[in-house]
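Paired with chain B in one complex and with chain C in the other, chain A is shared by the two complexes that follow.
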Partner chain A sequence: MTEQLLTGPDTANRTTPLLAVRDLRMTFGGRTGVKAVDGVTFDVRPGETLGLVGESGCGKTTTGRMIVRLLEPTGGTVTFDGRDITHLGPRALRPLRRDIQMIFQDPSASLNPRQTVERIVSGPLRLLDRRGVIELLERVGLGAEHADRYPHEFSGGQAQRIGIARALASRPKLIVCDEPVSALDVSIQAQIVNLLVDLQRELGLAYLFIAHDLSVVRHMCARVAVMYLGRVVEIGSRESVYTAPAHPYTRALLSAVPVPDPEVELTRERIVLLGDPPSPAAPPPGCSFHPRCALARDICRTEAPPLEIHGPGERKVACHFPG
Partner chain B sequence: MSTTVQEGAAAGAAAPPVRGRSPGRIACERLRRDPAALFGLAIVVLFVLMALAAPLLTRLNGWEPETFDKTAIDQALGGVPKGDFGGIGAEHWLGVEPGNGRDVFSRIVYGARVSLLIAVASTAVTVLAGTAVGLVAGYFGGKVDTVLSRIMDLVMSFPSLIFMLALLSIAPDANRVLLLVLIMSMFSWPYVGRIVRGQTLSVKHREFVDAARVNGAMGPHILLKEILPNLAAPILVYTTLAIPANIGTEAALSFLGVGVRPPTPSWGQMIDNGLLWYQVVPTYFMIPGVCLFLTVLAFTLLGDALRDALDPKGPGR
Partner chain C sequence: MILQVRDLRVSFPAGTAVDGISFGLERGRTLGVVGESGSGKSVSSLAIMGLHREAAVSGSIVFDGEELVGAPASRVRELRGRRMAMIFQDPLSSLHPFYTVGEQIAEAYRLHLRTSRRVARERAVEMLAEVGIPEPRRRADEYPHHFSGGMRQRVMIAMALSCEPDLLIADEPTTALDVTVQAQILELIRKIQEDRAVAVMMITHDLGVVARVADEVLVMYGGRTAEHAPAREIFRSPRHPYTRGLLASVLRLTAGEEEDGGRLPAIPGNPPSLLAPPSGCRFHPRCARYAAAPDDACVTEAPEPRPAGPGGATHRTACHLIDISGGRR
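Up next, the complex of A and B:
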């Protein structure tokens, strides 16, 4: 499976990828432990946004944390700008930290309550002086008057703006956004998403946008990868994934999004998944989705489907019977 | 929405510039509104000043703590102080010691020095050692944590009073105060260690620690600049509650005869002596007792108030 992916057409892209993730694996608790991420492969090109969606526990956050190297992968490689960073130590990582930043899910937990905004934004390495901090604060929609305050004095949306300013301080090329709007009110979600889009346009940032909210991902991401139980089951352009989902899990996910038209909403077909996702500590044999899949046949119970090109564009699906 | 901050950039355009209030500032402001805290603080300050100014105060009343005043006691009655209430009067403000006539006020004042010094010093050693061990155990985890935690369990499983008594009775008599400080801290640092370890475990998984790491921070920076400041509240509260406990322990050890050696005065030792005379001269027993009680009460009130003031979910934000 690995070889197929490595030689697949994805590596022959027009632009070289900024981030290349190959067969990434993370097993917690020894060899027999939980396979949180089980062979994930994708690219992020400079200046683009790749959405990574899936339900809780599917390994998307773990994938993000391996890319910023808060975790050391137990298998596979992470290549950034042509350099293998999979097993670099903290000292060797330091120069790269500037290029790869992260925005966290819980905006208030991600700001040290004992530090002023100025200290938080300039970071542990004091990358910026006060003027630089204020410039950044203004860029994310805050002001100079916020620089001397403490995190508890801000609302969730403002706190997330501070988190974004901190991520921008080192002028990164890639930002891993780990559910950056999930903890916010819907009205504020839109502001933050638009801020991220504006910043991307101005600064040419690339995002790995981890989320479970499909409408946010649709708004933000040109390409989307769908994860289920530690694996990518479908990856492709926004259009192909949203308008013609090929994997039964993607179809089920999309059908769970309500349609803002009552007549359509009442009559449309819904795919309801039964049961819970299996434990990643004891994944089912064959296709990990088969216990919940309406299309499952014998082959699905014995053989894991490889991620293969299906349909137009670069869309790939891991399913024996893609729709 | 009446607070100073609003969503977006529009805030503060017309409003006067607001300087942020640090969590420590907020705690201070809350303490200032708490009568129990102010009462505790006043008594603590009083006793600390008394201890610091001991030589001045004894010059005022004219009696050194170790000077015998044979004229103030009735030799014929076995040394009972002359006059009512243990000889309280203009000459001896709090009376004299039965048997030898040493001035009680001077001994209380110098005793405060010994009691507070031993309590504060042993608390400092305890907190420093416990914080260091707890931070390391909590942050590094794994084998380091296992070894350090077992050591802490081991030390805590000693019946500390018995061991302190035993150690102090066989220890050389060189520097009694230093000895007391070391032996008292030896048995109490694991309690701080445990608290700090637990807090470190919870703080190190907060996202701001990850954020610091993503920004290139390494071990020592993360421990000292990101994690330690967030442990300030529990450590401070433990400290203010450990001081009265240590005052009590010192008094107990001196009472049991293994604390500071006479003629150096200490409150516990005075209570011990007072017990011999309590039927004849109850004041001699009560005066150091009241001092001990007031100090312990004051520190405890202060510690409790501090805990409330530092609680981020508390009222009055």
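Up next, the complex of A and C:
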């Protein structure tokens, strides 16, 4: 099963993926429940960053939580380093926890307030001694003087550095970063982005970078997947997705982002979508984007478009009328 | 000038959150107030609305010719909601969960304009229609939890505008919203401003939002003005090292390819604590220019905003280390 998946058409290129996600599904509340993730497929190669972007409710966080196996998928497979981890039990997962780590959005809420930084970073497995902890703290821009303090003594940016040090303690191969900078001040965002980029270069880490901010994703990720209502609607290289977006939703999303330049803002074309993102509890039939899409025709209302190769390279789009 | 703020100071028992800011705002114009956490941007707006009970507010806030600092609370209450209105980041916490949105909009209207319930209810429906809520008559009878985040923010805007205020303060109105919904709300605020010539004070941390909506920009740092200029100038020829650092470090949709995945020119350090702010210029511990050529004045003396830049008197910068003759970047 695993063999077959890994030699599928999506991964026929030179590098074997570190993480292979195939038709991943998560339905909450039984068979008739909410389809938070509805058939997601992508790869993350060793040392690369894949961006997962989308608006609230699109399933990006749920996807991340299934990959670190905080959630057990209700369908599809997650293959890590050639091994199917989709339904591993708690004991079998334990060694895997070292290889796949996670960084969260709200750094202070994800640190135990009653533990010192040393304790937090060395982790429940006590992976590091004090010297190791201090080395890691220095690596993320903190110092020995921080080791005995508690999380409330730190600013948001510093707390995120602690969260990153904790994630690094087990020498992971993949870190799932769930909105790692979106709660931080603008001047601090750049510091944390730089830190993540440096760490990746030095340690050869792979990131799955989950964010709603298209500008951050653009900077961090060589490849990008755009999600809408539980599905990937477009996936490809940064260049193809940002400079020639093929899905009407990607185009609208990109045009909605305010650009910090008043002259550009004055002249650029803006696609203002009607309505809100639909609820995954009651998805529209056919293409789930059709009620907000200016290009929608009859087929869009009845038939969900498959994710197919469109244009050069590896870019894929799920749209009946890709641009 | 519908609003003229001079040397505004807001102090709490623990420290001074706003330490002498000045600006004016005309009808039909938008002032973008930018700053990070602790910069004093929200505290300033709450002071204008007279919403600080525990704080000592000094300086001057003149609204349409009337001094609000030291004015009786009852007078400020009359103006608030009627002639100055405010919307917040999280509409759900500003709406009462037990009343329908129609009742909540009508209540404010009835209170300020002393109309009948029926007239106020009609007004609520009319306002919901104006802010783009479909089927306004039916939706007026629904409760806040029936609305999505974007729709709730529309309800807040409907409520804020129901009494036709002259000043609208919007404190991070789109920060909690998805980007496609943010675009809708910014478009709505712009349209309403055009139709009604209301003055808008838009408080945000997002430089993109400022670039989209603001005519003028006030950059705040540590409770003080760093730079104040027409929007175009702030973005085209920023003068203050903080403004420059911020603009250089912000992530963009269209960076040059050579920057891809590279290091961003980040501002070092953290925003200052208001409990123990740095002496002199509050930005000096993080300032690239100070680090390159330290000057005692930066440590001992708080710089006053002064004209600097091609915009003449409209472009004010509070920095000891800039050349006031207005050289370009």
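As a convention for this text, the second predicted complex is superposed on the first by the 312 of 323 C-alpha atoms of A that agree within 3 Å, B and C clash if a C-alpha of one lies under 4 Å from a C-alpha of the other, contacts with A are read in each partner's own complex, and residues count from 1 in each chain.
Convention: contacts are C-beta pairs under 8 Å (C-beta built on N, C-alpha and C of every residue); 3 or more make two chains touch, one makes a residue touch a chain.
Note that the structure is a prediction, hence the values are computed from the model and not measured.
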Partner chain(s) touched by A:Y242 [first = chain B, second = chain C, both, neither]: second
Which of chain B and chain C A:Q191 touches, first, second, both or neither: both
First, second, both or neither for A:A222, with chain B first and chain C second: second
First, second, both or neither for A:G157, with chain B first and chain C second: both
Partner chain in contact with A:A256 - chain B first, chain C second, else both or neither: second
Which superposed partner A:L111 touches (first chain B, second chain C, both, neither): first
Partner chain in contact with A:R149 - chain B first, chain C second, else both or neither: first
Chain B versus chain C as contact partner of A:L125, first or second or both or neither: first
Residues of chain A that lie at the interface with chain B and also at the interface with chain C: 155, 157-158, 188, 191
Chain B partner contacts - residues on chain A that touch it in the complex: 65, 68, 70, 90-91, 93-94, 97-98, 100-102, 104-106, 109-117, 120, 123-125, 127, 138, 141-143, 145-146, 148-150, 152-155, 157-158, 163, 166, 169-170, 188, 191
Touching residues on chain B, where the partner in the complex is chain A: 3-5, 7-9, 11-12, 17-23, 206-208, 210-218, 221, 225-226, 229-230, 232, 312
In the complex, chain C residues that touch chain A: 36-37, 148-151, 178-184, 186-187, 205-212, 214, 231-232, 235-236, 245-247, 249-255, 259-268, 270-271, 286
Residues of chain A defined as touching chain C within the complex: 55-56, 155-158, 185-191, 193-194, 197-198, 212-216, 218-220, 222, 238, 242, 252-265, 270, 272-273, 276-277
